[in-house]
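One structure is given below, represented as structure tokens, and several questions about it will come after.
Residue numbering begins at 1 within each chain, and the chains themselves are lettered A, B, C and D in the order written.
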Amino acid sequence: MAEQLYNAIFVGSIYALFAVGFALVFSVLDILNLAHPVVFMLGAFVALFCMSTFGLPAAIAAVAAFLVTGLFGIFLDRLAFAPLRRRGAPPLSAMISSLGFAIVVIRLMELRYGPDLTSYPAGSLPQTVVQIGDARVDGLRLLIIGLAILLMAALTYVVRATQLGRDIRALAENPRAARLLGVDVDRAIAATFFISSGLGGVAGALLGFAYNAIYPQMGTPYELKAFTVMVVGGMGSLPGAVLGAYILGIGEIAALVFLPAELAELRDAFAFGLLFLVLVIRPRGLLGHRAVERA
Amino acid sequence: MDALGEFVRVYQTTIGVIGINALLALSVWITLYAGQLTLGNAAFMAIGAYGAALLGMRLGVPFPLGLVLGAGLSATLALPLGLAVFRLRGVYLAIATIGFGEVVRVLLLTLPFTGKALGLNGIPPLTELWHIYLSLVVVAYVLWRVQGSTVGRAWAAIREDEIAAASQGIAIRRYKLAAFVAGAALAAWAGGLSAHLNFSIEPGDFGFTRAVQILVYAVVGGTPSVAGPILGATLLTALPEILRPLREYRDIFAGLILMGVIIYLPRGLVTLAELRKTRRLQEIGAADVA
Amino acid sequence: MRTRLFALAAATSVLLAACGGGTPGAQPSASTGPKADIKVGLAISLTGAANIYGPAQQNGAKLAMEQINTAGGIDGAKIALVVEDDASARDQGITVFRKLINEDKVAAILGPTLSGVAAGAHPVAQQAGLPVIAISNTGVGIVGKCDYGACDWIFRASLGEETALPAALKAAKDKLNLKKVVLMFESDQKFAADGADIFKKAAADNGITIARTIPYKTADVDFSAFVTQAKGESPDAILASGLAGTASKVLIEVGKQFPQGLRVVGSNGFNSPAVITAAGAAAPNMIVGTAWNKASTDKTNTDFVKAFKDKYGTDPDQFATQAYTAMIVLADAMKRSGNATDKASLKKALEATKDLATPLGAFSFTPEHDVKQPVFVMTVKDGQFVPFN
Amino acid sequence: MLLECDGISKRFGGVHAVAEVDLAVAPGQVFGLIGPNGAGKTTLVNLISGHLRIDAGAIRFAGADVTRLAPHALTARGIARTFQGVRLFKGLTVLENVLVGRHARMRSDVLRRLWPRGAPDRRDRESAGLLLERLGLKRPQALAGELAYGDQRRLEIARALASEPRLLILDEPAAGMNPAESARLRELMRALVAEGLTIVLIEHDVRLVMGTCERVAVLNFGRKIAEGTPVEIQASPIVREAYLGSEDAA
């Protein structure tokens, strides 16, 4: 049982890292960024490139993944979202634009690296097993859980306590007012995309380390999970996204453990049923604050 | 004429799928026109497809009746769903309907009579091209006429400003629900036609990707008029065939075209037709001056 | 408003005319030699979800075509391969089949890559009365008894799971004395669900108890929980039916949670060099029934592997080998048929294929048009597939 | 009495936005509602028009209890309103806005429109055109969002009148109007009242209120602090105190 809880926390951590970046862009700019899975995948490939071409250690590769995908996020914004923002297009347009962008990048990666699974160079990843009680725990995963929590704490700090964070929050509240208050809106948007994509990229690299199998479509399964996570936690709330991620991770595994074998097939229905219920009963999610427009 | 016959023979599936996608795009257009962003139409399509196919194969229900019953079933399910999500707007509604879609997909993978992951195979191919295009013509005409009616105006008013619309005597909930249910029934109708188009269906055909596709057809085509979704579905469905010579690069071009349309044609592909009109007006103007 | 509707109709017809005029021109018939080429269609997934397999199949079939043409072709006529991508989508697969049949007038078709696409595309060829050889469909209902009715024009060169999985399970049982197993399968994939059913039947036939069935989905991310649950049953082995993407994840988790080692009897999805690389140290746990033993010292096989490596710089995988084999089988039948472009005689000649030497071993078709060939039960050692026994 | 509010209250969180307000509006009256910013005027209007759920109290309209009715049902019974800050359907044309306003008085014409030559709403279009003329709006096919601000205000009034109301609630209709427009608005209100319409006027422009209304109620902190004729209100010390220091008193 303890082992399953550990599994759940690991899954939740990966969901959280993915969803937090996704939620950040949504909360600040109201954009559902369907290219986020692409950023996630690119992170894994950047790490691969660093390790196989330059022989860098995994830790440095992860940092490189953060920086490169962060910059890529700014590029993504300039290309796919900025033109729409300038003319005040509805959020739906941004969603479709990012979808087109994602198709292009995934296909380019498939043409370059092949659609098949790729692995990190042998021996480049730490392999330790930690014995906790009678449970054997993969050291790498423990490290990843720790890193995920650390990164989310850092994000919380940046958003809550720095000038940049205040600018981003002002932007999220009301872009026009933010501009009037002297916030450098363009810089805040760029920062939002840098942080969001950087986190997504690190998540991809870490996940790549954990499974040692990366491929161009690897981010796609997380998209629907991220929706669920955001809705359950509360759209536009970063702590909500983290909470939602762990709830989903634990819920999925609890459904696996406690459902009788004949109903095991219904496990996913529980996740999405949960999503649906939350929306109907409490549309703003557990920690959210604005789902239903007021009069 | 011979060349045309040949063309139709080769591309009859593509032509059929274009018509079905146009119907699907119109199904989501109805809700968009009423200001609701739904991503549940793939699930309603699935209900229509499985409904029509199962009724025909297991119970021997005639094809047209199967279509009607599939659409009816879908509408019946849409009613309570619409009531449940009625308060949600924008992206929240979209995500709630995604949740519904996934639940439907998981059920199709689980229920004893849906063939699970294997789907339904050996569905008799009863759908003729004229079924699809007759449906499309009728639906397009009806929607075009509805646009100028009290109902169409009420939907547009709700889309523009729900609060103000309520003050004009529009029963918001009833009209939103009507749009939602009509969209669900139409999507199911298209689903029933598609199930009988080519032998087999499986749950994977009706997932998130499909839901997004349907929405993309409508939005890329342009939502202001009925023509937009039809145009969008036609072009985007034909695109893989048109881009076939590009071989492994065709996805890239499809993606770029998607971005290009969204960024440079704010009102969708129908803007192209309008542009041509204005240019002609300018030419006439120029002639006057000369 | 009315003008808009007309504009739309006009635009649509222009568009249709455009693809009508454009597509045939864009696909010029391959070079015409002194004797008219015999066109063979290859309908595969170069893009879309199954784009892992299509390119390998294309390489295999092309290599075979070149070898046949260099050796004099079919009575002096060259084979021209017409390759079309179905984008892993059924609708496109159907269109591709129609195009190959009506526009390119091919003599036979190889493909499509996915069983789901085949379910829609094969009936088109069946209706037109054109021989088809399935080169990678391993599911149920491809040949013999088909859901869409008669399918006597369809042949299969790929070893079905109905044959491969029981063989692998039997070999594992004989050697490891299996009594209790856990079955894991990718429940939203048609092909994997087929495999699970076959596993269940094979287990019953061999007197093996399936203690628990654990379904998972393609989109599942982490497999630790599934394997932990399997561990709770303390099984003698795990049976796993899934695609390549999830196969390595299953193996990695089993490697982690069973440090003393636990055998995984896998479906065709496990049968890929990429899975070996991704699974790393955990790969040797795998047992899989395959259509092909790369290490086979049979000369037909070693020649093929060498020629493939010389041409493409990489080792062939099973998909490439099966596509290559299907092409060889087709050419052989064409030579024997007397008239390669006569569909009925080609079908007859295919049916008469008997113990043809191929990289897969001696190749024949059963009366149901299914492949009859040796089955190789393999495991992994030093990063290579090696015979299990 | 046409409209009677009996002790109606509304709370947001812990704050009493409207507290036990009684109102009685007689038919054919222009009834003024004034008060400093945040006094609860708009909340009161939202309660009467059904956009907010009432916490306590009752509303009667033309003798019937309408406390829990939805906005569209109230419109059908004859209550129309405009919004503080215009809420037009900006993407629809001027004419369409007015036609939407007539929604409560039109029967669904979907089925009749399916006949290709059917134009079942011709009469509605004509009367909408007359309304536009009366309000001095000249471009029926222009998009509402493209109109100048003053025109938008008048279009909103036209839209409200299209539902043939018995009670018209105007929420700060003169905001943003120049003196000439404001004067024309006063003319219009007089003419409408002469035709039998009852008007509740919420306004900051005290001069407009005093010049037009027969009775005036004053709200402050959600409570009604005074009611009477314009003259009485102007003389009331309580009202003066409430407005003291407030620019609105000017």
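What we mean here is this: a residue touches a chain if its C-beta (ideal position, glycine included) is under 8 Å from a C-beta of that chain, and two chains touch if they have at least 3 such contacts.
The structure presented is a predicted model; accordingly, all values stated were derived computationally and were not measured.
If you compare A-C with B-C, the chain pair joined by more contacting C-beta pairs is B-C.
Here B is the chain whose Cα centre lies closest to the centre of all protein Cα atoms. Distance from the centre of subunit D peaks at C, each centre being the average of the chain's Cα atoms.
Rounded to whole angstrom units, the spacing between the C-alpha centres of subunit C and subunit D is 72. Rounded to whole angstrom, the centroid-to-centroid distance between subunit A and subunit C, based on C-alpha atoms, equals 35 Å. Per-chain Cα centroids separate subunit B from subunit C by 34 Å. The geometric centre of subunit B is 41 Å away from that of subunit D, both derived from CA atoms. For subunit C, the set of residues touching two or more other chains reads 47, 187.
Looking at subunit D, residues 51 sit in touch with two or more other chains.
With touch defined as above, residues shared between interfaces to two or more other chains in subunit B number as follows: 109, 148, 163, 248, 251. Within the complex formed with subunit D, the residues of subunit B that make contact are 142, 145-146, 148-151, 153-154, 156-157, 159-161, 163-172. Residues 3-4, 7-8, 10-11, 14, 107, 110, 114-117, 119, 122, 129, 136, 138, 207, 211-213, 215, 217, 220-222, 224-225, 252-253, 256-257, 261, 264-265, 267-268 of subunit A are the ones touching subunit C in the complex. Interface residues of subunit A facing subunit B in the complex, by the touch rule stated above, are 26, 30, 32, 34, 79-80, 83-84, 87, 89, 91-93, 96-97, 99-104, 107-108, 111, 223-224, 227-228, 230-231, 235, 265-266, 268-269, 271-273, 275-276, 279-280, 283, 291-293, 295. Chain contact summary for the complex, subunit D toward subunit B: residues 49-51, 70-73, 75-76, 80-81, 83, 87-92, 96, 99-101, 103-110, 113-114, 121, 159-160, 163. Against subunit A, in their complex, subunit B makes its touches with residues 37, 84-85, 87-92, 94-96, 98-100, 102-103, 106-107, 109-110, 163, 208, 212, 215-216, 219-220, 248-249, 251-252, 254-259, 262-263, 266.
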